[in-house]
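Heads up, the next two complexes both have chain A, just with different partners, chain B and then chain C.
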Partner chain A sequence: MGYTAGLDIGSAYSKAVVFEDGELVSYYVKPTSGNFSLAADLVLEEALQKVGLSLAKLRYIGACGLGVTFISETFNKITELSCHTRGVHYLMPSVRTVIEIGNQSARVMKTTPKGKVADSLVSDKCATGSGRIMQIISKVLRTDLEQFGKLSEKATKPAKFTTNCAVFLETEAISRVAEGTPREDIIAGLNQTLAGKIGSMVHRMRIEADCVMTGGVALNAGLVAMMEKEIGLKIQVPEQPMITGAIGAALITAEKAEN
Partner chain B sequence: MEKDNSVKTMKSAKTLKTAREAGYFGKKMLTDAIKAQEEGHPIGWSMVSWWQGDFIAKAMGMHLVYPENYGAFCAAVRQAEPYLEIADSEGFPNNLCGYARNCLGFAKSLRDNNYVIPEGAPGGGLARPVLLLASGTACDARYKWFQSLGRYLNDVPVWNLEMPQSGVKEYYLKDNKEKNLRFVVKELRNFVSFMENLLKRKLDHDKLKVMLDQALKTLNIAWQVDLLRRAVPSPMVSQDFWSVMIPHFYLPDDPEAYSFYERVYAEVKERVDNGIGAIPNEKYRMMFSELPPWHSIGFFDELSKRYGIAMVMESWNYHAPTPMPEEELDGVTDPLEIIARLTYHKWMEHNEVAREFDTSPGFFNAAYLKWAKEYRADGFFAHPLMSCRPATYTLMHTRNSLEEKLKVPGVVVPGDIIDLRVFNADEGFSKVEAFVETMDHYRDLRKQAGMAW
Partner chain C sequence: MFVAGIDIGSTITKIVISNGTEILASMATPTSAEHRRLAFRVMDDALASCFLSYNEIEYIVATGYGRINVPFADQQVTEITCHMRGINFLFPNVRTIIDIGGQDSKGIKVKDGKQVDFIMNDKCAAGTGRFFEQIADVLGVKLEDIGEMSLRSKNPASISSLCTVFAEQEALLRLSEGASIEDILAGIHKANASRIHSMIGKLKIEQDVAITGGGAKNLGLVRALEQRIGFPLVVPPEPLITGALGAALIARETATKLTPQQLKEKKAKRRLEAVTFFDDPKRGSEIVL
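Presenting the complex of A and B:
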């Protein structure tokens, strides 16, 4: 089978993984920084370098993500929903529900015992419930996203947001700052709003355990905790929640090529 | 309006020869009306009323054109956007029905050109009407749409046809059906009086009866084509149907429509007899609901090509109804009552299935539960429209019903009938690609449950 790479070129982060005979041997994640093509080249190069490989050693490349069409190497394009379910199944075979919150959208997927898409729901044409809102508010609060989880745990009175819209959320967050609301409460309020929005998608799917959250937003422990409360299920988070799409892309590509 | 020939369309190649010929009927309606107007005949703009008002108006010498069909036509040739923009600039909200916005935009351009159809209007345009024939069925936008046209078509009267749309339980109440039918017949008598007054001529009942007989024959053969479509592989797909439907939906009283359908039947039958599928690689069979993206029917060709998906059944409202039971028409000689029964039957015919599955409404919902089994559907393609509430709010319910009761999953791809600005084909492909896995999974579940397909 040899080496296979998987790429997930997202609007905020690019991710690459390398598989050797079905085993994950390397991964790399870096900000896309507005240049899909360059980010794809660099992230793949880094992932290969980590295991001392060159591009020539790769038999197949599978890819997904918003920037997929900018990849310069020959690759198989695979839909993100399939990639994420397959990637999660590889890491956590008992998972039956995946909540994936990327920069552009939120997706809820039910998976079969074989890691295929049993059902799915995507937040369409709207930044509501996406990681983008987190990025916007982190700028408003001048706080790194990585700190969101811990800060929200310190909240005493989560701020109320009256909208789900990303644009108006920013406006409201600015108003809360001006009113002197502590940032911990603003972050907790934001988490609550997002948990409500994504939770309603989850409820529409009638999900099953085990449940996992992936995507960069899964690193926000405060949101994960609120989501658990919202959906009434324990939510697991993989050690590296951003690479499931790339893992799936590699696995599906290899599978298709071998069959 | 300048015709923009550079606009790229996403038309379907269609699989049936007859489907490729069906566009003739759409153009015929438009050009016949323009010619009729030149000859001094009255023109009516009519909403789809499931034949409630059409035959009466036509029997009285009025030529009808259908703004809903015109909207689909403009969208299919990707010429709707200029009219949508006019409607936008007139202050109509962009979540208003796309057909209505297209029509309002056209009507304004007609008025602005002193009621001469502007050059370059798609298909020759809609001839200036003397009547706006509205219908209270199907959706809320239709109540106000034709009234709003008064801004541009002053002095053109609006007549609204009503028909009770009973819920499933109400339908089975004692005497409910007969009372409703009496109401519809009364409505039609009022409409006839109004028309006689408007046109200063009497309704020719014999002519109406002949038209009605012809229409019932056409609808019957259209229904028989639907029956043929149950075959595996599917001999005709939605891309064909959405063209072929025009004659039975708008012109069933036209003998030419009947002859056309004889040829459709023969072509589809030949495929069934020889085991020929509309698409060569049928792997999955899907039903479509509700109103299609007229600007991008080629999207479904691509689904066939990429994933082997045959769209085997679609939008309940476009289909010819099952023939009425003989006893329904026993002793009924009044053509107005036959029309009332036909339209009422079209709306109520799925109540039996709705009752069996304990769901509601019969229309918009139950038909798909029946068809899923009959057409061996693997999946349900839900197309919610930003601009159409009735064709959207039932979709999630139908999707859930199909999944719960028959283990047929659904995929949701939002868009619009007319406005291609809100349809993202790539996003649709991406969702359907993943949905193929979902259909595989549910096939296994149906097999485990001992279901027939």
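Presenting the complex of A and C:
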């Protein structure tokens, strides 16, 4: 079977994985920083370098994501929903529901026992349902996104937000900072707002356990905890929740090519 | 009889001082974080410009988002009523008012000088002044210029997103694809006109239609809305102050109904000292971040 690469070129982050005979051997994640073609080249190079491979060794490349058309190598394009479901299924075969929160969208996917999409719901109309709002608030608070989860667990009194609009939330967050609200409480309040927004989307589907959350936002443990309360199900998070799309792209491409 | 109307909006504060028949002074200034101090400053400036003192103003009506933060006001009235009154005074034939404010947008239906229906969006920045501020910022152009610039476009860029944050990214993407700023701005105005139209459309739009608020100063938006709605809009000579004007008209109407004794009692109750939120000694000044 040899080596297969999977790429997921998102609006905020680019991810690459390398598979050897159906086994994940390497992955790399880096910010897209507005340049899709450069990010695609670099992230693949880094992932290959980690296991001492060159491009020539790759038999297939599968890819998905907003910036997919900017990839310079020959690749097989696969829809994001299929990639994410397949990728999560590879890491956690018992999964039946995937909640994927990316930079510009929120998606809920129901999976078949074989890792195919059974049903899905996508929201990409409003920044508040997406990871984008987290980045906006992290700038306001001058705090790294990676710290959000830990900080929100220390919150004693989550800040109240009266709006769901990302632009107005930013203004409200600035007011809370000016009033002296601790940033832990601001983050916890934001998590609550986001959990409510995503929760209302999840409620429109009849979801089943096991439920897995992916995308960069899944690294925010405070939000995951609030989502669990909101939907009444335990939520699992893969060790690296951002690479499931790339994994799915690699696996589906290899399967298609072999058959 | 001298009266005043003050309209503290989310973005701009407006004031009108009138002698009951004509406007003696009108001003518009950016709203700062501290409404109360600002209310005093604006009132002081407006009074000075027509050589009057607080005591000579028989009645003061405050309106707008910050209306409760005007300590010297004799009465508070919602901005919807005030806009309606202001427009009705200027253009008695107007049946539908579109008000595009700094952080919200509204539609008001008027019949026989009374408000019969209204609709409002303050949940989402799209279709409000805030959207245009963000876009001007991201494109590096002045807010005052974007309307005119958009009208120079020959080939409006496609902007499909209604979310301000996503539209910002879409605008940048179009820039990277080589679209001109004029074309992007035309696309932005078109997208917002459709958003505003779909909100106002929930009311039955009847002619004449007037547009007020900061949005009315944006000729690009006015033209895009006219195209969308299908007939011309009435734009007041100074679209920012219709709310403050309405407040002054209500002030005059109320004052004429009161006896001199009642007016005197009202005036005695005015709080003229600028105690402010930030001066409050009980409030910790420590900022955590």
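Keep in mind that, in the parts below, the second predicted complex is superposed on the first by the 259 of 259 C-alpha atoms of A that agree within 3 Å, B and C clash if a C-alpha of one lies under 4 Å from a C-alpha of the other, contacts with A are read in each partner's own complex, and residues count from 1 in each chain.
Basically, a residue touches a chain if its C-beta (ideal position, glycine included) is under 8 Å from a C-beta of that chain, and two chains touch if they have at least 3 such contacts.
All values derive from a computational prediction rather than experimental measurement.
J.: In the superposed model on chain A, is it clash or fit for chain B and chain C?
T.: The answer is clash.
J.: Just chain B (first), just chain C (second), both, or neither: which does A:N76 touch?
T.: Neither partner.
J.: A:S37 in the overlay: touching chain B, chain C, both, or neither? Say first, second, both or neither.
T.: Neither: A:S37 stays clear of chain B and chain C.
J.: Chain A residues in contact: does chain B have more, or chain C?
T.: Between chain B and chain C, the winner on chain A residue contacts is C.
J.: Based on the superposed arrangement, let me know which partner A:D119 touches: chain B (first), chain C (second), both, or neither?
T.: Once the two structures are laid over each other on A, A:D119 reaches chain B alone.
J.: So, A:S11: does it touch chain B (first), chain C (second), both, or neither?
T.: A:S11 contacts chain C only, not chain B.
J.: After lining up the shared chain so the two structures overlap, which partner does A:Q147 touch, if you call chain B first and chain C second: first, second, both or neither?
T.: neither
J.: Between chain B and chain C, whom does A:P182 touch in the aligned arrangement: first, second, both, or neither?
T.: It touches chain C, and chain B stays clear.
J.: Tell me the contact category for A:Q240 with respect to chain B and chain C: first, second, both or neither.
T.: The answer is neither, since A:Q240 touches no partner chain.
J.: Once chain A of both complexes is superposed, is A:R132 in touch with chain B (first), chain C (second), both, or neither?
T.: Touch partner of A:R132: chain C, not chain B.
J.: For chain A, which residues lie in the overlap of the chain B contacts and the chain C contacts?
T.: 124-125
J.: Spell out the part of chain A that touches chain C in their complex, as residue ranges.
T.: So the residues of chain A in touch with chain C come to 11, 34, 104, 124-127, 132-133, 136, 141-142, 163-168, 177-178, 180-183.
J.: Give the list of chain B residues in touch with chain A in this complex.
T.: 396, 403, 409, 412, 414, 422, 424, 427, 429-431, 433-435, 437-438, 440-442
J.: Inside the complex, what are the residues of chain C that reach chain A?
T.: These residues of chain C touch chain A: 33, 103, 123-125, 130-131, 134, 161-166, 169, 172, 176, 284, 286-289.
J.: In their shared complex, at which residues does chain A touch chain B?
T.: 78-82, 85, 112, 116-122, 124-125, 204
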